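Just so it is clear, A, B, C, D, E and F label the chains in written order, and each chain counts residues from 1 on its own.
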Amino acid sequence: MSDNALSPRTRERLLTISSATLTTVLFKHGLRNTFLQGLRPLGARHRMVGPAYTLRYIPSREDLDPLNVFEDRRHPQRVAIEECPAGHVMVIDSRGDAQAASAGNLLVTRLMKRGAAGIVTDGGFRDSPDIGALDFPAWHQRPAAPTNLIRHHAADVQLPIGCGGVPVYPGDVMVADSEGVVCVPRHLADTVAREAYEQTVYEDWVGERIVAGEGLFGLYPATDPVQRQAFADWKQAQQARYPLLGPG
Amino acid sequence: MSDNALSPRTRERLLTISSATLTTVLFKHGLRNTFLQGLRPLGARHRMVGPAYTLRYIPSREDLDPLNVFEDRRHPQRVAIEECPAGHVMVIDSRGDAQAASAGNLLVTRLMKRGAAGIVTDGGFRDSPDIGALDFPAWHQRPAAPTNLIRHHAADVQLPIGCGGVPVYPGDVMVADSEGVVCVPRHLADTVAREAYEQTVYEDWVGERIVAGEGLFGLYPATDPVQRQAFADWKQAQQARYPLLGPG
Amino acid sequence: MSDNALSPRTRERLLTISSATLTTVLFKHGLRNTFLQGLRPLGARHRMVGPAYTLRYIPSREDLDPLNVFEDRRHPQRVAIEECPAGHVMVIDSRGDAQAASAGNLLVTRLMKRGAAGIVTDGGFRDSPDIGALDFPAWHQRPAAPTNLIRHHAADVQLPIGCGGVPVYPGDVMVADSEGVVCVPRHLADTVAREAYEQTVYEDWVGERIVAGEGLFGLYPATDPVQRQAFADWKQAQQARYPLLGPG
Amino acid sequence: MSDNALSPRTRERLLTISSATLTTVLFKHGLRNTFLQGLRPLGARHRMVGPAYTLRYIPSREDLDPLNVFEDRRHPQRVAIEECPAGHVMVIDSRGDAQAASAGNLLVTRLMKRGAAGIVTDGGFRDSPDIGALDFPAWHQRPAAPTNLIRHHAADVQLPIGCGGVPVYPGDVMVADSEGVVCVPRHLADTVAREAYEQTVYEDWVGERIVAGEGLFGLYPATDPVQRQAFADWKQAQQARYPLLGPG
Amino acid sequence: MSDNALSPRTRERLLTISSATLTTVLFKHGLRNTFLQGLRPLGARHRMVGPAYTLRYIPSREDLDPLNVFEDRRHPQRVAIEECPAGHVMVIDSRGDAQAASAGNLLVTRLMKRGAAGIVTDGGFRDSPDIGALDFPAWHQRPAAPTNLIRHHAADVQLPIGCGGVPVYPGDVMVADSEGVVCVPRHLADTVAREAYEQTVYEDWVGERIVAGEGLFGLYPATDPVQRQAFADWKQAQQARYPLLGPG
Amino acid sequence: MSDNALSPRTRERLLTISSATLTTVLFKHGLRNTFLQGLRPLGARHRMVGPAYTLRYIPSREDLDPLNVFEDRRHPQRVAIEECPAGHVMVIDSRGDAQAASAGNLLVTRLMKRGAAGIVTDGGFRDSPDIGALDFPAWHQRPAAPTNLIRHHAADVQLPIGCGGVPVYPGDVMVADSEGVVCVPRHLADTVAREAYEQTVYEDWVGERIVAGEGLFGLYPATDPVQRQAFADWKQAQQARYPLLGPG
């Protein structure tokens, strides 16, 4: 898993960047479909950064998915919970189906205890009030009390999947803020984190100018050379506030 | 309505059981479709237990559904509000249509005053902020300001209906927690309440073990005889905490 | 824009009327489709009254919608933000598509600074947590981090549009409370505001009676002459509480 | 059922009128929602006129809906097939759910043999190729092979229902052509048939004028007095072609 | 692949059985979800029997899915077409997305030339008129002209998938008639084929009785001993017509 | 409108090219969203080429859209029918709403008589069987008998619109075959027609090779130099069959 390891600098940067800014920078790299559609957080903790560990569900079948399947230690859902590396985000392809649960509180708690960075499904969690009370980022579509097996069969782990309409490859970097979850392709993580951090600094400045009463033209985007100079000066003055600026 | 009366013990048990656990126990009894899909609570009070009193809507028709229909005391919506027995949950089949209201604050307040246990629609309520401020469990799909008659015609009361994709028969036991609403078939209510209470005790113990750092294998499910013994001992020690354990 | 100016009395009245009551009065005038379907507020400030200023999006096209379009000061989205008159509500026809943003925090902040009364889209906003923190009413379908251009091309401003399934003409009066957003046709605004205010007074009284334990029959609607007289007396006594009652 | 009997003249007229013209005339009577949405015919025979006989489905439940329910002669689906009067159209409220069948070939054949005028569901039929081969009008949403009980429980007959989003009361007149199915409220059937027949004659004439090269203005609608006179003359000359013109 | 080989008798039986009857027999074995929802045939040839060969798509990503990916002989879509064994049915999990093609005419023709038994996707095919003109069963949701890579990335072959909401395991037996496609779990194929063949014989007899004017009660289901005897006699007399009756 | 005139050569080429091939060539030019989603033809005539003439609908409003609006010669729907230039394709933005008609047989016949090349809506047509019988390409989502005004208000003509999820600008070239409708941006029409014609020739050759039994590898795409030479030779020999090959 070492190749999935995020550099500390990239992780720190990503923890300060909004999902909106991230999608803009990914769009500059030609990627239009990186925001997991239709998901919401369960609790108050939303910030999340970590490589994806994937779990794939297909529709369940009555003869293959009775309640006692969980007695088998090789059951992919249980394997996933016990093997997902620390610092990783478990991402579940539930085919957008929230009619039964993707997982419940006991499993999510265990995942948290094992050091995972968060959990995401495009279906729903059961025990969602309990999960929402954990200090652990969790994202789903809507609450889903019915037990997993009524709709889902855990097929395998660590294969490329779709989640929320977005392709997610094991090791891609999942990033969330209060707005939602973005999937950053692994090979772009360092670059995108650096560029998005720069963009965040610029937008902070634009925000200040707008609050001060300035208009958009020439400012956002900064087509006016005077504004560009003003930004350069401001950025120089604010260096201490942005310790993660710069290359690398 | 006496045949709809819940035993106090069953009611007490159901008030402590999560909708998730309830669906699992119902699944063990062969029922897969008992969780009303896509509903959310309006206010802070979510816990609800009571027999279903049903109201059925069909699409409205301009000549049959002018505003003055409510002057007729036999109008099924008004009859329902005035006749729903105390302790019961009004369940409205709105065909999943939240484009106009299933009911509004005045009617819901009246229902509360009459002692009902809650109200559920798979459409939407109007005056939803006011309803959310009542000390009364109410569940819907989303807010729906437009007046009822624009989309709905109240057809009849106390017939079997569908709500949130689930069959609901008058007298079935509606149970809700913060996650959502479950429909328990009347004849299963006592059995399911007892089994689900047992299951809750077990999951409380599993939760403690997981928080203490144990893994899932052998614990959840308890395939390991050592774990089973540990649970038996713990349960013995916790008797005071679970006064509703046992038969009956 | 003077013809769009709301009379102070109408504005004051509309600020006290619920979206539910408004749709009922509009229904009495023959209008069934005035509530924007499926929208929710971003922050804690929901009350909003103002004439509509419209912005229309069509699907974007890669060659026409690169990131540098915003350098053009004639870009309709930027024109809209800088030209929407004070006191107006910007209403965006996003074709119900929340896969990419209708606008983000910087633009919405600028709109607020320019004195607009609110912003509504049937798509989604990006930077939604920041927008939710502004003291500015904003309504959308769900958060949408991806940048606007991935799905939307701003086509023009101040044309009739659809938003949330409702026709919105420039100058129509947009009114919101915590429940949602209603579009009042401009020519009906004064009449509807007056009638809805009267209706609100009546429903306040009904609410008090219901809380006091009365039943619906004869009261709501007030078919009972005794009740009608009781209301007339109460209204007389409450005059100070309802300064906006009366003609004009 | 005699009160449901259509006059021969109304029936004859309705057999020549398009569903489009019918909805226009119903709209003139203030009814906007009379076309069953999203249905298609199974075979080559589409023309259908007859009073509605209704059957209502709710979601099925495993313990109430095993395969042997059909051994009970009181099962509402079987009762419906054996009791639907000759000349009537069976209309099934399947809640728009085509995941399992509303009925199959054997039942539909029996219904045809009993003299019914057609069958409509907003779900799907199984054995749809066989049903399509019958000389019997049948309308559904799409083919649905799975047996009825997997999703549907037949609850009752001859109650008001919704079908394709339209209210259908027992005795309402169902009319179909190749385009779709319209529900005409019983009390309007004679009037609407007469007016729609008149409208059909007028549109036949407009069609001839358009084919002859004339433009729409003044012709459709006939705002031009010269055109109105031309139509009056043409209608006079075509009397033999329209034997059902006139009052009554 | 020999373990996937269907016995000739099972294949022959399945070629005569309707998808409706098949789902009923599968329901008797406890399986409720075996009919692929929402698919339609492209051409006039619908009958199809063969073991499933699966292909899985996930959402595409611009940097991984340029047009030149097809130059790579290991591309899973091309591998699938060249490796799917003769007699097998290719089943594609397109996540129900028909916005871009699952495959086109050239690939489907190649698959046909290689001896496959058919092709199924829950997305759409491009060149659908050409595919419809082939003598080859092909099923999809709707035509989809845009090239595959715009929405789909071929991830892998011969894994369990979902298609049309149904679980499909490699080797499961796909069966289609004019109505739709059923997935028969491999281990049940022989049993189900035999039972469904028996059921077909019975329903043929019922159909004859109904056409002859008999009612449903006692006949369907055959609760009447006289009817059961009549069927036994008829079946005896019809032996030559049903050469595949009997055990094995 | 002269700037909208298609060169005869481009028109001839486009008449021979499939919608599938066209979308591939447009994808090579960076355009991913050019196929109008979810439309089907009404009759047997599908081939259509012509510049777009656009008509835009918004939701209707009861007070603005009574039946007599059509008496006004400036009504945009009627203006559109009478002004759409010969050879053009009318494209209607109906917001994907087929609950009421986009237009009916009389208007479509008039449009045909005036020399238009076809008509497209992402809603539905009424009198669809009659329109299907015309010798005129017409595309919609599904039949829609209810009169236009029940859901649609014709807002304006010749503005950029969305149709079937695709941006359509007046003058863009609409091209259809049996599969569906593609929108080619005006400035790309000549280039795309030429390239797609070349691509068609190549795919014809591939098709012949596949029918002759060859495999995909090296052939499609033609990575094998031997295959490339074979194609060059074949193309040389087939010159008479492809009179539209070459530049210009």
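Everything that follows uses one rule, which is that a contact is a pair of C-beta atoms (placed from the backbone, for glycine too) under 8 Å apart; a residue touches a chain by one contact, two chains touch by 3 or more.
Remember, predicted model here, so these are calculated numbers, not experimental data.
> Which chains are shared contacts of chain A and chain C?
B
> Counting only C-alpha atoms to place each centre, which chain is farthest from chain C?
Most remote chain from chain C, centroid-wise, comes out as E.
> Counting contact pairs by residue number and requiring over half to coincide, which of A-B, B-D or A-E is equivalent to A-C?
A-B
> How many Å are there between the centre of chain D and the centre of chain F, using C-alpha atoms for each centre?
Centres of chain D and chain F (C-alpha means) sit 33 Å apart.
> Centroid of chain A to centroid of chain F, CA atoms only: how many Å?
40
> Which positions in chain B are in touch with at least two other chains?
32
> Throw together a list of every chain pair that touches.
Pairs satisfying the touch definition: A-B, A-C, A-E, B-C, B-D, C-F, D-E, D-F, E-F.
> Write out the stretch or stretches of chain A touching chain E in their complex.
So the residues of chain A in touch with chain E come to 29-33, 58-64, 95, 153, 155-156, 159-162, 165-167, 185.
> Could you please specify the touching residues of chain E with respect to chain D in the complex?
Within the complex, chain E touches chain D at residues 18-20, 22-24, 27-28, 32, 34-35, 37-38, 40, 177-180, 182, 203, 206-207, 210-211, 213, 215-217, 220-221, 223.
> Within their complex, state which residues of chain D touch chain E.
Per the touch definition, chain D meets chain E at residues 67-68, 70-71, 73, 78, 81-82, 98-99, 101, 104-107, 109-110, 113, 126-129, 142-147, 149-150.
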